[in-house]
Structure formats: structure tokens, C-alpha cells
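We just call them A, B, C and D in the order they show up, numbering each chain from 1.
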Amino acid sequence: MKLLEYEAKEVFRRYGVPLGASAVASTPEEARDAFTKIGKPVVVKAQVGVGGRGKAGGIKPADTPEQAQSVAKQILAMRIKDLPIRKVLVEERLTIQHEVYLGVIVDRASRCFIILASREGGVNIEEVAAKTPEKIVKYNIDPLRGFRSYHANGVAKRLGYNGKKMQQLGDILMKLYRVAYEMDAELTEINPLVETADGFIAADARLNVDNNALYRHKELEAKFLESFEGELTPREMEARAMDLTYVELNGDIGIIGNGAGLTMATLDTVMLYGGHAGNFLDLGGGANPERIGKAVEFVLKDNRVKALFVNVLGGITRCDDTAKGIIDARKKLNDTKPIVVRMMGTNEEEGKRLLHGAGIETDDTMEEAAQKAVNLAKGA
Amino acid sequence: MKLINKETKVVVQGITGTQGRFHTARMKEYGTKVVAGVTPGRGGQEVDSTPVYDTVAEAKEKHGCDASIIFVPAGGALDAALEAMEAGMDPVVVITEGIPVRDTIELVARARQLGTTVVGPNTPGLIKAGESKMGIMPNQVFKRGSVGIISRSGTLFYEIAAHVTNQGLGESTCVGLGGDPVVGLDYIELLKWFQKDSETKAVALIGEIGGDAEEKAADFIAVGGFTKPVAAYIAGRAAIPGKRMGHAGAIIQGSAGTADSKMNALRGAGAFIGEQPVDVAKALKKVLG
Amino acid sequence: MKLLEYEAKEVFRRYGVPLGASAVASTPEEARDAFTKIGKPVVVKAQVGVGGRGKAGGIKPADTPEQAQSVAKQILAMRIKDLPIRKVLVEERLTIQHEVYLGVIVDRASRCFIILASREGGVNIEEVAAKTPEKIVKYNIDPLRGFRSYHANGVAKRLGYNGKKMQQLGDILMKLYRVAYEMDAELTEINPLVETADGFIAADARLNVDNNALYRHKELEAKFLESFEGELTPREMEARAMDLTYVELNGDIGIIGNGAGLTMATLDTVMLYGGHAGNFLDLGGGANPERIGKAVEFVLKDNRVKALFVNVLGGITRCDDTAKGIIDARKKLNDTKPIVVRMMGTNEEEGKRLLHGAGIETDDTMEEAAQKAVNLAKGA
Amino acid sequence: MKLINKETKVVVQGITGTQGRFHTARMKEYGTKVVAGVTPGRGGQEVDSTPVYDTVAEAKEKHGCDASIIFVPAGGALDAALEAMEAGMDPVVVITEGIPVRDTIELVARARQLGTTVVGPNTPGLIKAGESKMGIMPNQVFKRGSVGIISRSGTLFYEIAAHVTNQGLGESTCVGLGGDPVVGLDYIELLKWFQKDSETKAVALIGEIGGDAEEKAADFIAVGGFTKPVAAYIAGRAAIPGKRMGHAGAIIQGSAGTADSKMNALRGAGAFIGEQPVDVAKALKKVLG
């Protein structure tokens, strides 16, 4: 779950990460009042869950309350990558000496949180990482030992800071890790951390929370669905609300499988036979007929879908349950789109019997079924 | 690294839940020596004639179990795994899906400290074909033979195992690594094990988008770390960058973690790459005869 | 720092330890209102920092609001071990099936927190521990591994609980340890934990916080001095406010030393020569002349003190500083009580010179000095 | 267990504070090889011609120091000690007073895990007479000789050391255990070390009220764990139960931890018990001649 900049900064502030004075505004008038409260030149920043807002004109300076009001009005009227801007962050403008990148991420290979840091922070950090990886300092945090002041100071030192600045940066790193750890974040980032004459200030903030850990962060659950705006398409949002694992694709063949790997392989096989998958839908383990029915219904209702391919390898998920779900959904929708089913495993015979009884054909291999689905979609 | 065989005495943590109950029966059918179950607060009950205890320590004391499979819900899985490890269970197989990655990080770190083999989390488990199963894979798919399988996914793994069986090759030991970003085992650790395992003549390597575990495995094979034949299948060629494809770990980030990158690396290391799952079994058949 | 029962229970409640309904009252009227709010038979309990309040009549039942008011009036008018009762806790009366003891303490020998637990809880727990130690379950918490649900369940099991009760008790143990750990407690105790038909409820609560850790618990610092009421004598309270390490004793020889061991040995040696120390005052390491003067002044002002014995082994504490402190204090008080000084170590010569100049004798060994102090006190 | 000698290269953590500065000079006067100091944020400075670094790792890299003495204030002492241990310093001497016991518990547990000897906290430190001092005890008190000293207190330890020196015996190695309830070393660990140390002919054991470390030492001596002569002094006979006598650890709780209990146990184990501090030195003189 991705938090918006101002939400992430609220968390950062709680942990003592140094931030500029700021206020959130939902209307131009609020933006004007925010300026007055801050009492210094500001930037007005679109709060939106996608990158590239700067280039899209979503970040603008303002030197007077009136100017803050007018740029906020402009920004709040914008759409960035098709997303409405509901809030702006009005924030003290900083005199930048230098931009630093700090990130705490979950590293798959090292199986731990790692710190990434660079003195070449700012918008081009990905380029820095790609072209001059030696400018990125990487530090693995030992999960059993934790991340302590001297580890943080060591990272700051490797970045080339000494004395007071080393300590200040080390202190921010420790706070950032505390945010990452306690908030169950997959990604915690400050880019840029601005080096000013008075010390460091986090000018931007990213915080992506592990969806699996949301039960530990009840305060976020309410915002959960909303947070996917921009990341998910409207259909994906709808599926998310129904608790379906669904990814929208561009083709015309609806795909439902059980298990992420098998469902991906189903997409790939369809592609191999010249077809185009319209979606990825993984039933997960042990889906019951209702859940399967709900999934089938959801895909069949997609107007782009010309044929449906259900590929189930029965383990915990039972083939007879799958058959029931398909038949029920079809009946409910009174739909006649062609359906190809490949099923194997637990209660396979009964599932096939039910499907055949309802006039739905089955195949024994996913390769055959995929080929059939591609042909049906082309013929439809 | 410790895997399993017919002697392995298994305790099932979370045995009283729907999944624990169901799969305990399937494992026993397969021949797994499931000697006890554990659910705190349910000590003294029985599940399908398997005695249930409140703690792993008790189960061990009474039955001398030496490996654990965990079906405990995500919120309790870390504690369950730590309990198993501290009681000396090895391997510990974590079937549970949806464990916060912070918990898995701690779990895996502790396993390394104690020298315990952890399979998963979010894994179908592992099986020694014809001897013992600690997992949720369908029993009928596997037949004793010579192909080792390593997979990040579940059902795709059964799919390919079924093809291997249909080709008359059968399987030696098969391990599901798990679909989460952080898991206890990686391909390389298992390739090392399979390299030494005399029953394994070749390996089917089933990967998917996300991370660079397959690329690292390819490097390991390329430098001669694993010398038996490898046939691979990588799922997710049709996936879109930035979208999680079901598994928490199956996501292409920027240009990293694509199926092409993985397939190219493995091909470069001399592995056969299947276009569709069945190809893997056919290629192995050709090699092993 | 010892918290009062109601303060400890406020902390316990925050951590989810099961407690009966209760309210604190400072007046009989508040106690009456508390009863009304609780709406059940209650006990009214004196809130005081010493043990034995039950036997002293500080715990009384009440079945009506009026009765709660009248017993609260009685209790609030009492003194227990010479301490005034400023508050009472009005708490739901429990139907007790069984009393359990649970404690988390810092164990010196094992160098870790340990759990102590017994099914023979209640007022006689110390007798149980002394006579039937096998009825006390002890569990060492590995500091690097922590205390987890299965460890807690294991302890509950060793107490003889099974199933649901084991889990309930395990849960309480985990919460108790979290209190102990996060509050930096030297002692965290529930005695009794009452087993009722509905589960366990903590009927009493003790929480002693490590004084060295108070900087992590700002909310307690304000109550710090007050919390020593009952534990410290009025003179000791005064010393504590001045940040002096002072223990009041019964004799007539004032003792000031540097270092706890040396100061204790000084008391012991005085005792050995037939004298009686009036106090223990440890200057600690590196005291400056002001601090030493303050300490000397504090002891000299004690009317019971007939002679003062200052024993300083100069290391960080300098002998000349000690001399200055003594001379200044004496001048300030215009005091003529006999003073015996034994000093050795850093700047010894200069210290002796200063003292001799001010007409104060010094000795080279603590044995001689102790003997002299005893004689002077007897002669005075 | 690792103690010190003239080769030990010492880093002083918290060297820029008043105490660190003062005692660095005293240690150098004594002959201790103080090669570097550490204060985060003060790297590049010098204290009394000793170079200061931001981290122990740097100090080690530059000077190959192998032991650390810590003068860092209580709030930072745990981190300082962990830093020292992780950088491989051994022993680590923690002079700091007033460390929360929870921090000390973690510190000591980690030391045991890593196998590091921790002296203290709240200790005067340790000294190998005539060779090296990692501590705050006055230099002039000690003279090379044959008596090992173990003490829970500071100044009382100097007092008795001075008597031992005055008796013409001198000291081998002397260690202050520290006055806190939880410390890194106990009597038994040191008695084992002294048993093997050929330079030590007898031991002065200086105890005080609180805990049962002296009783345990007595048991250890009684069963033959330590066979050289022992003379002991226990402070706190005049103490009142329930009152902390200066040291956080010096408190009689109920009937446990009294001076009588300790003296009786040691006497029972064959140790000489001094009535006053000087008696210890006199008794040792008698034994060692």
C-alpha cells in the first residue's frame, strides 16, 4: 500500500525525521491559509499516487498567500496520469545545497532490510544507480542485531560525511529504519533529503507498506482501497474490493487459474499460441464454489472478453467446486461466451461430469485448452 | 540443509484448522509419518487419530518428531516457526500465505543462526516421491524417479511434475521455494543439494518473474556449481511491469525481474528452456532416455 | 521507583492485562460516585507505597454507594506505617476461585529477566517460596530471543494449566513481560491474579521501575520524588531531592565516603570499634567542592550527629576538593562538631595542608580514623 | 575470558568527555597502550595527542586496537559496548554508571553470544599491575606482585590494594566486577582464571551486600574449583535491609544478601574473613610470607 507524500510525512514526523513546515490543503483557500501559517515562500505539491508529477506541472512555487491560492487552484483542477488531484501539500521552500538519497527496502537476495544511500540524490537517482552504482552505498541490516547508531554512523561515513553531519545523517537513517521496521514498509524513502545550511531536511517522502502487515496498522486499513488509485485500473480496483487477485491486460481471452505460477503460465501459453489474455485472475488456494462463481462472473462481465479459459489444477481447490462455480455464474449472467476448461486433480471426474452436463467442454492439457481458447476468441 | 525421507517424523502445527486437518490426512495417505499435531489451547484433542498438543516441545517429548509443517494463520506463523526451530525441528515447512515480510525476515535470520532448513513461507512444501510428503501438493502426481524439481510456484510445479511423471521419469525430491519475496531457501542451496543427491539425475527448475534468484542460479550453474542436466520453465512472459502477478514476489520492477532476463541467463548457462510447461518434461525425457 | 497500585494498573490496562472495573477516588464523595459507576459490590483500597495495608485496615468491602463513601472516609483518614492515604482505589469485588502469583523480575545470577509464577498465590507467597520452592515455576528469558507465545504457554503449562486457560495465562504472561521490558521494570507483579469463572483478573499490581531508566519514562519523572514516600525517611527524601546518595541510620556518627563499598566499610569499621553510624553518604565518583560541601552541610545539620567522619580515597574525587568542601561547609554553618578526615590518593598533600590550616586533623588509615571518630562521638 | 597485559592496545570510547579525557591521561601514565579514542561526531580531533575517530571500526583499521574502555554516558553506553564487541574488542570495560539494567542485560547477553569478556558496567575497571590499566583506579596504589584481587566496589578495592602493596606483596591482576545488579563477570569466572594464572599466588575477594554472588563463589571454592589461598572482606554489615547502599546492587532483600550470609559461606569454604580491610592484606602476608 503506497502512502501519499503527506501521509508518509505524517508518519515521518512522528518518528522525528526533520521536515520543512507544511500543511495539507484540499481547496485553494486552504492553500492560502497554509501559506499564511507557514509565513515563508513555499512549494505547492500535488498529492497523487503516481510518479512524474513534477514534469506534469504538479509542483509549483508560491511567494505570496494569493499565489499559493492560485497555483493550488490550478493543481487541484489538474489530472495527472488520469488521476484527480484531491489534495496539495503546501510546504516551506528550501534552499538546497545538496540532494541526498536515502532508502530502506526489503532485499530479496539478502533476505533482510537494506539501506540504500547516495549523495547524488534527486530525480536522477535511478540513472545514478544504473550508470554509477559505486555512488550508491548499500548496507544490509542484520535482523537479529538490529540497526544501531554506530551502524548508521558507519553508513553516513561511507557517504563521505564526518563529524556533526555524520551524526545528523546517522540519526535520520536510524529514524528511517524505525519507520520501515515499525510500519512494515517494503519501501521507505527520502529523495531528496536536502542538505541546507541548517542541516538536513526531508523534502519528499515515500512509504509503501506491506499489504500482508496491514492488520498491524489498523489506521491504514481505512485508506487501503483508496491508496491503489493510480496503481490499479478501475476494474482492478473493483476486483480488489471483491478480494480477487486480478490484473487487467489488453487482450480478449479471460483467464482464470489457481495459483500464481500456473495462471501466469496460462497467460504465457495463450500468448504462445497467438492469443491475447484480457486478464490475470488467480483463485488462490482452496476457493469455494461461491468464490469461483464470483470470479467467473467478474471476468465474463468484461465486454472485451470474447472467450474464457479456466485452468485449474485441483489440490486444495476442488474440480467439482470449480465446475459448480462456472455453471452457476453462467446461469446467473445468462451468458453464452465460449468457455474452455482444463481441470485436473482433486475430484476431477465429478467436475468434468458436471461441466459436460451443462454443455461445457473440458480439455486434459493446458496446451490443448489454450489453443482452443485462442481459436474460440478469434472465431467469436 | 536437511530435507526429508521416509524416516522423517512430522509434527503438524495448526493441525486443527481446516487446511491443517485436510492436509494431515493427505500426508498420511501418502505415507508421511505424521506423529503429532500442535495447536495451542487444543492439547489433548485428536485430529484424524493424530494426537494434538499445546506445544511442539510436548509433541517432541512424546513422539520424537524431528520436522514440522506449519498451517498456522499469518499472524501466528512467526511464533510457530520459531517454536519449531527452538524445539529442534528441521526442516520447518511454512505453508502459510500472507506472512508480513518483516516476520519472514526474522524467521529466516533465526533459521540461519540455528542452522535450520526453512522451506517457504507460502510454499506448497516438499516431497520425497514415494516416501514422504510435507506439503499440500496432490499425491497422485508424483512417482518415484530421477528428476529433482525446484519451483517458486505451487500449481505450476504440480503441472510440470505431472508431465515428468507422464513421461515415465518420476521424481526424486521436489521442493517448492515459496511465492513470497523473502523465503528460506533459494535455488542455489537446492542445486548444491541435488548435485550431491545420487537419486537425482536431472533437475527441473521452475521460475517466475520477480527478483533475480533464477539469474543467480544460472550463474551458479554456469561456473560449474551444478553439473547435471537442467530444464527450466519461467512463468510470466505475458506479465506487465509493476503489477504483482498473484505472488507477493512476482513483480517486475523497472527492467529487473523479467522472464526474458531469467530465460536468457539460464539458457546461457546451458539449461534447456521450455516454451510451455510440457516441454520441460519432454526435454528431460530426451536427456535421461 | 515504586508505583502505587492504581498507577501500576493504569500501565497494565494499557498493555491489555485483564483488570476489574475500578476508579480512583481522593474524597469519600468520589468513592461514592465510583461505586455508582461500577455498579457492583466493591473493595475500597488504600493507595500507599508500603506493604501490609490489608492488616492495617486499609482494604474494606462496600456494597452500596453510601458504604463506599463511608469506608473511603475512614481509609482516607488513616495513616499506614505513618504515611497519609491520599487516594483510594474503588474496585469491583471478585469471586475468587483461586489465587495465582505472577512476577517478572531482574535476576542477578542469570543476568536476565525471569518469570516467577505459582498457583499458590496470595498474601502467603513468600512463605510458599521459602517452604515449598517446588511450587514456584521459574523461567529465564533469553534476552536475545525474547519471550514469545510458546514460551509463555510453556510456563502456563508448567503451572498445570491446559487448553484455553493455558492460553489465557500465557497471554497475560506475555503482556506482563511487555510491561516489564518496555517500562524498564525491576519488578512487575500480579499477586493475586484471580481465577474467576470468567477467566483471570489481576486483583493487585506492582510495578517498580529502574531508577536508571527514568529518562526513558518522562511521564514518571514528575512523580519520582513522591514515589519514595514510605520507602524513604523525611531526611532521606530531602537528600534525594538534593541528589545525594544518603541512607539514614540510628547512630550518632555522621559518615561520608566516596564509593559505595568504601562507605559501607567505613560504617562497618565504626561499628567494629563500638560506634554507631548515623548515616551512609556516598559522594560517588568525581564530586566537586560544592557537592562535597553540600553533603558535609547536610550531615552536620543532623542534630543527632555528634561527630563527622569523612573517608575519601582520592581517585577521580580529589583530596583538595574534599578539603575545600569540608572547610566551606563548616564555615558556612559556623559549626564546631568534631570532624575526623581520612584521605589518601589524588592531591592528598594539598588536601591535608588545607585541612590542617583550618584546624582539622587527618588520619592516614581508616581504622585509626574510625577509632578516633568513635571516641569523639562518645566524648561529645 | 580475555584480560589484559602490556601488549593490549586500547581504544577509549567517550574519550572527549571529562572523565574519558582525564583517565586516558592516567592510563597512559601507567603504561597502558591507549592507541585511539572514539567519540561519534568528533572524528579527526585529538585528545592529549591521542587521535579521535567517529567509530571503533575506524580506530581498529588505523591502529589495530583490541580492547575498549567505555566512558560514554549511560544513554549511549549500550550502543558503545555493542559497537566495541562487533568490532572485535575484547575485553570491553564499561566504566559508565547508571545504565538501565535492561540495557545491561542485552549487553551481557550479546557478549556471551560473541564470547567477549565484559568488565562492568559501573566498574573501576581492571589492571595488570606494572603493565597495563583499563580503569579509573589510582595508579600509585598498585605494585607488581602475586595477589589477585576481585572486587564489586571501587574505592574499597583501592583501599585493600593499597594494604596489599604496603605489606610488600603487590598485585598480579585486579578486576572490579562493578556495582550494578547485572554485570559481565562474576567471581567464579575470575577464580577460574586466577586458578590458571601462574603469577597469582593468592586472591583477595572483596564483596558487599546484595545478591548471592559471594555465596556462589564460596560454593565454587568449597568444591575445589579454586585451591589457592583466599582472603575476603565483605562490606555492609552495618547496612539496613531494603535500603540501597550506594550501589544499585547493594541491597539486602528480605533475609537474602546479608554480609553475614556471605561471610559465613566464605568462611565455610576455608577463606580467611577480614574484620576490617587491612586484615585481608595481613592475612595474605602471613600465608605468602
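A few notes on this one:
Quick note on the criterion: contacts are C-beta pairs under 8 Å (C-beta built on N, C-alpha and C of every residue); 3 or more make two chains touch, one makes a residue touch a chain.
A quick note: this is a predicted structure, and the numbers were derived from the prediction, not measured.
The fewest steps needed to get from chain A to chain C, moving only between touching chains, is 2.
With chains reduced to the mean position of their C-alpha atoms, the one farthest from chain D is A. Averaged C-alpha coordinates give centres for chain B and chain C that are 55 Å from one another. The distance from the centre of chain B to the centre of chain D, with each centre set as the mean of the Cα atoms, comes to 52 Å.
Once the centre of each chain is set as its mean CA position, chain A and chain B turn out to be 27 Å apart. Looking at chain A, residues 144 sit in touch with two or more other chains.
For chain D, the set of residues that touch two or more other chains is empty. In terms of inter-chain touching, the protein chains here make up one closed cycle, each touching precisely two others. According to the touch criterion at the top of this document, the contacting chain pairs are A-B, A-D, B-C, C-D.
Every residue of chain B that touches chain A in the complex is listed here, in rising order: 18-19, 22-23, 74-75, 97-102, 105-106, 108-110, 113, 124, 136-138, 140-141, 151-159, 162, 179, 181-183, 206, 208-213, 216, 233, 235-240, 242-250, 254, 259, 275-278. Looking at the complex, you find that chain A touches chain B at residues 106, 108-109, 111-113, 126, 142-144, 181, 184, 186, 210-213, 215-216, 231, 245, 247, 249, 257-265, 267-272, 277, 280, 282, 284-286, 313-316, 344-346, 365-367. Those residues of chain B that touch chain C in the complex are listed here as 40-44, 54-58, 76, 79-80, 82-83, 86.
Contact residues of chain A toward chain D in the complex are 145, 148-150, 153-154, 157, 162-164, 166-167, 170.
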